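Okay, so here's the structure we're looking at.
Naming follows writing order (A, B, C and D), and every chain is counted from residue 1.
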Amino acid sequence: MAHLKTPLQGYLGYRGREGQTAFLLHRISGIGTALFLTIHILDTALVYFYPGLYEEAIGIYRTTLFGIAELFLVFLVIYHGINGLRIAGFDLFVPQRWNIPTARGSFRLTLILTLLLWLPAAAVMLYNLLHHNFGLFGG
Amino acid sequence: MQLPDAIKEKPGRNYETIAWKWMRYSALLLIPLVWGHVLLQDILVGVHRIDLNYVALRWASLGWRIYDVLLLGFAFAHGVNGLRQVALDYIHNPRARRGVEWGLLIFWLLITGIGAAAIIGGVSALPE
Amino acid sequence: MRLTLKIFRYDPNTSAGPHYDRFQVEADPNDRVLDLLEAVRGDQDDTLSFRRSCAHGVCGSDAMRINGLNALACKVLVKDLNSDTIQIEPLLGLRVEKDLIVDMEPFFAHYRSILPYLINDEPLPEDGKERLQSEAERERFDDTTKCILCAACTTSCPSFWADGQTIGPAAIVNAHRFIFDSRDRGRLKRLKILAGQAGVWRCRTAFNCTEACPRDIHITRAIAEVKQEILKHS
Amino acid sequence: MDTLHTYDVLVIGGGGAGLMAALHAAPRARTAVISKLYPLRSHTGAAQGGIGAALGNVEEDRWEWHAYDTVKGSDYLGDQDAIDFMCKEAVQSVYDLEHFGLPFSRTPDGRIAQRPFGGHTNNETGKPVRRSCYAADRTGHMILQTLYQQCIKNEITFYDEFQVVDLLLVDGRAAGVVAVELASGELHTFRARAVIFATGGHGRMWEITSNAYSFTGDGPAVLLRRGLPVEDMEFFQFHPTGIYKLGILITEAVRGEGGILLNSKGERFMEKYAPKIKDLASRDVVSRAIYLETRAGNDINGQRYMLLDVRPETVNRYAALDGRTRPDGSPYVVSAEEILSKIPDIADFCRTYLGVDPVKQPIPIQPTAHYAMGGIPTSIRGEVLADETGRVVPGLYAAGECACVSVHGANRLGTNSLVDLIVFGKHAGLNAADFAASADLPPLPENPQAFAGHQLAALRGGSGKERAAQIGREMRALMFDEVGVFRTEQGLEKAVETLQDLRRRFTDIRVGDAGKAYNTALLNAWELGNLLDLALVTARAALARRESRGAHARDDYPARDDQNWLKHSLAWLDEAGQVHLKYKPVTITHYTPKERTY
């Protein structure tokens, strides 16, 4: 990857607006999800190939560190989903509406929706984490 | 607007065009599949309650198996094609590109195969 | 008011690598950034190199990064920047030849690759006069005829940063201008070119192009329209 | 890279004139275009108004009417054979542009749209005629783009960012040019059978101008240095409404929509100078009025500008006072939206550069140096003329704003420059290709780069006592004050003297940039030298012409004097810095000079 210099300069130094942020987040969330999904397929497959190892693997998911990572992961999956719908919606159904006000507005809406969906989910997950790992809430 | 065209070479079906459509149409399906999965596993059930028994219980139902096969097929194919797009953005040497594309193809087949085997095979009995 | 210009410098004749120079200039809030560059070159350091010609945003010579955003130096006023330090850098994604001057050839090569000229070998009207075109047909591609090929869009596009082979928004805008011209007959050929690996699918709707365009062209929309047109014919 | 190139035809300049010439020379001759700017950056792209041609798409029109209007507009200094030729050819040339793909605006029946423009009339009724063919308000931009597109299609060879600094002449015949490659700083020698100059105007010698930085008169200056004359340099058009300080053009259309010019007392001063048509008087008249008001101390804030007020309330008030009506007889009442829809680009310029919304605040304006009527003397065939007898320099052609055919005489009509580019650019190209087909390749002079190299070396090796930027500033201020809209004997004498002094001081500058790649300082300094030479010639020719005609307005000789001055000037500049003037008659075919009233 000898050609990363310019993109990095751009991603870090170019003062792009909503569109650039949306693109970067979408890319990061996509790659992140894809990598996680790979691992997840493999560990789930243990139930068939090495069921003995499965419990150990799932044990990792129960650690506090992963619990926190999971919060992020869910955020990324929600964001990627909504933003993906946003992109697909414009591209497939209203391509003529791809202009600056709608692009900026729809991205902000995407962020708001993501937060709205994520906060309750995060609360539940945080509850589970605190409950199981720290014995709170009457654990 | 109907326009006559002198040059009849059509853009035709090429891989990039199909891939672009695929990313978008699969996206529409992925929302219920992926979100449903995440909602169920990570939030409603939670990792602390997931174990072999839980998996075995779920896969006892054919419906869930079909759901998971679909999820695996769509999400992973979508994801791997996404990774391909990202990789081709940054890798320009034609040979390296071909390498990446073949590598990802094999990676996709392999992982999908493993996943599919598990879903079809189900939970093996724990060796006593 | 007094301003500091922080300008990217690179001179291929010396071994020194790229660096930034600072210049203090006296500026009027209504000055164009181009005026400040002229003042620096005229009175402080004549080794500073940049391109310019029309000085009012119609020739496309002086696209550069001003405080991190692509713009024409002659269309950005000091007062609109709201800062005491103005950072001026060359366009991203094209090789810097000297200071703010970048090699435009790859950019024009992409432009040429989409056959940017009317293709129509049919006989001309009998009376030797104009080909007819309705007002609505003319209106269809009006927006994309405004392009001055300044490269502000292409060099703000993350896909172009990542891969200089990407055809880039400016070339697509110019293809759009012909694809939707009712007099043109080379549409499908252009669509085929744009459907390729380096073509329209590289656009991830990052919108930097549309935000940067000094002619306010709806670039992303034009790209989306070309994408739809390809889908229709594939 | 090899620095010797050989072609049949060389075109210097990638603007409208140059590209048109290249397109017409290339099919029959090995052709290359050399341009100091990327061709698409040429100033042709700035033209907004339109291109005049008697297509008669919206109402009756004839090319003969166009010709008469042009003769009259030129204050009878234009050569009538050339004007006839241009106006007749204009029609086909516009159709050619359309066939090349130019996206003209359209009429409801799908033809090229046309609109009225100052000075273009129906000769029978005297009423304005819609003759200006346009593509929104970007006609020049579309011409430039379309011609460049055709050049790509026809695979024309381009040397982009090569600045021509010398013309090679062998036994009085063109043999090629010498150019600096901007990227490398190297000198290149181009050999050719024929050379066409199309380098544009030289408005950058004035402080306030609508012209591009690149309009430095390189072509005429290079030829002057090689002992060839320039024609009618005293005639330079000042457009009355340029944006204050910046000079960016605000088209006449704004006044056409009812805009009013106001001085610091809030007076509509044009009433004093042109009681009948007031703010819609011709360009030279309005520019002069603004200047006189300034001199009388009626400028806004003492800052040498006036206000152009196009707010609906102002427009409607004066329209009522004037009894202005719509075509259907109803009173002329406009809304802000209607005004904005007619002048979108101007509104954009005002907002960007002044922060002024033209329908809410008046626009500060002042006259702006706009267009060079004078330049390299050429025949109708585009051949460069060596003297007052019409002797042709074999193999040397010129077209566009740098040339003087003369079709614009003392004052150019709006839309006629683009016609000039297209018609004479095409014919210069055709004729140069013809010439190249029958001529042999002239030998190169010995040491072809010596003269150019010497000029550039002098700029680097001066004493450094003077700064180029300072000399430039002084020249521009001087030209604007003394050789501007209004001229007087005293002022012109002072200008000639000061310019000679500035030229002496210029030999003491030293370019600080010692590098080769993109040494813009060096080439800018060289361009300043060109401007100084042309400024001197302009001032000198203006001093000599003791009459007022078209754009040349003498305070002390306010009347046109056909007895003594119905003639073109030709100026030579010798090495000692002396200007030598000669004159040649105007070609008059069927329009006898009479007083010019509108």
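Please note the rule applied: contacts are C-beta pairs under 8 Å (C-beta built on N, C-alpha and C of every residue); 3 or more make two chains touch, one makes a residue touch a chain.
The model shown is predicted, which means the values in this text are computed figures rather than measured ones.
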Given the two chain pairs A-C and A-B, which is bridged by the higher number of C-beta pairs in contact? A-B
Once you find the CA centre of subunit A and the CA centre of subunit C, what distance in Å lies between them? 34
Euclidean distance of C-alpha centroids - subunit A vs subunit B, Å: 16
Centre to centre, by mean C-alpha position, how many angstrom separate subunit C and subunit D? 27
So how far apart, in whole Å, are subunit A and subunit D when each is placed at the average of its C-alpha atoms? 60
Send over the residues of subunit A in touch with two or more other chains. 3, 7, 27, 87, 91
Subunit C residues counted as touching two or more neighbouring chains: 120, 137, 162-163, 184, 227
Can you pull out the residues of subunit B that are in contact with at least two other chains? 89-90, 92
Interchain contacts, given as pairs of chains that touch: A-B, A-C, B-C, C-D
In their shared complex, subunit C is touched by residues of subunit A numbered 3, 6-7, 9-11, 13-20, 22-24, 26-27, 87, 90-91, 95-100, 103
Residue ranges of subunit C touching subunit D (in the complex, touch as defined): 11-14, 30, 32, 41-43, 45-47, 49-61, 75, 77, 79, 97-99, 101, 104, 108, 112, 116-118, 120, 124, 128-135, 137-138, 141-142, 145-146, 148-149, 177-178, 181, 183-184
Across the complex, what residues on subunit D touch subunit C? 37-38, 40-43, 45-46, 55, 92, 95, 98-101, 103-112, 135-136, 138, 141-142, 145, 149-150, 152-153, 183, 212-214, 245-246, 248, 349, 352-355, 467-469, 472, 511-513, 515-521, 524
Which residues, counting only subunit C, touch subunit A once they are in their complex? 65, 67-70, 92-93, 156, 158, 161-163, 204-208, 210-211, 218, 220-221, 223-225, 227-228
Touching residues (chain side subunit B, partner subunit C) in the complex: 1, 3-14, 16-17, 19-21, 88-90, 92
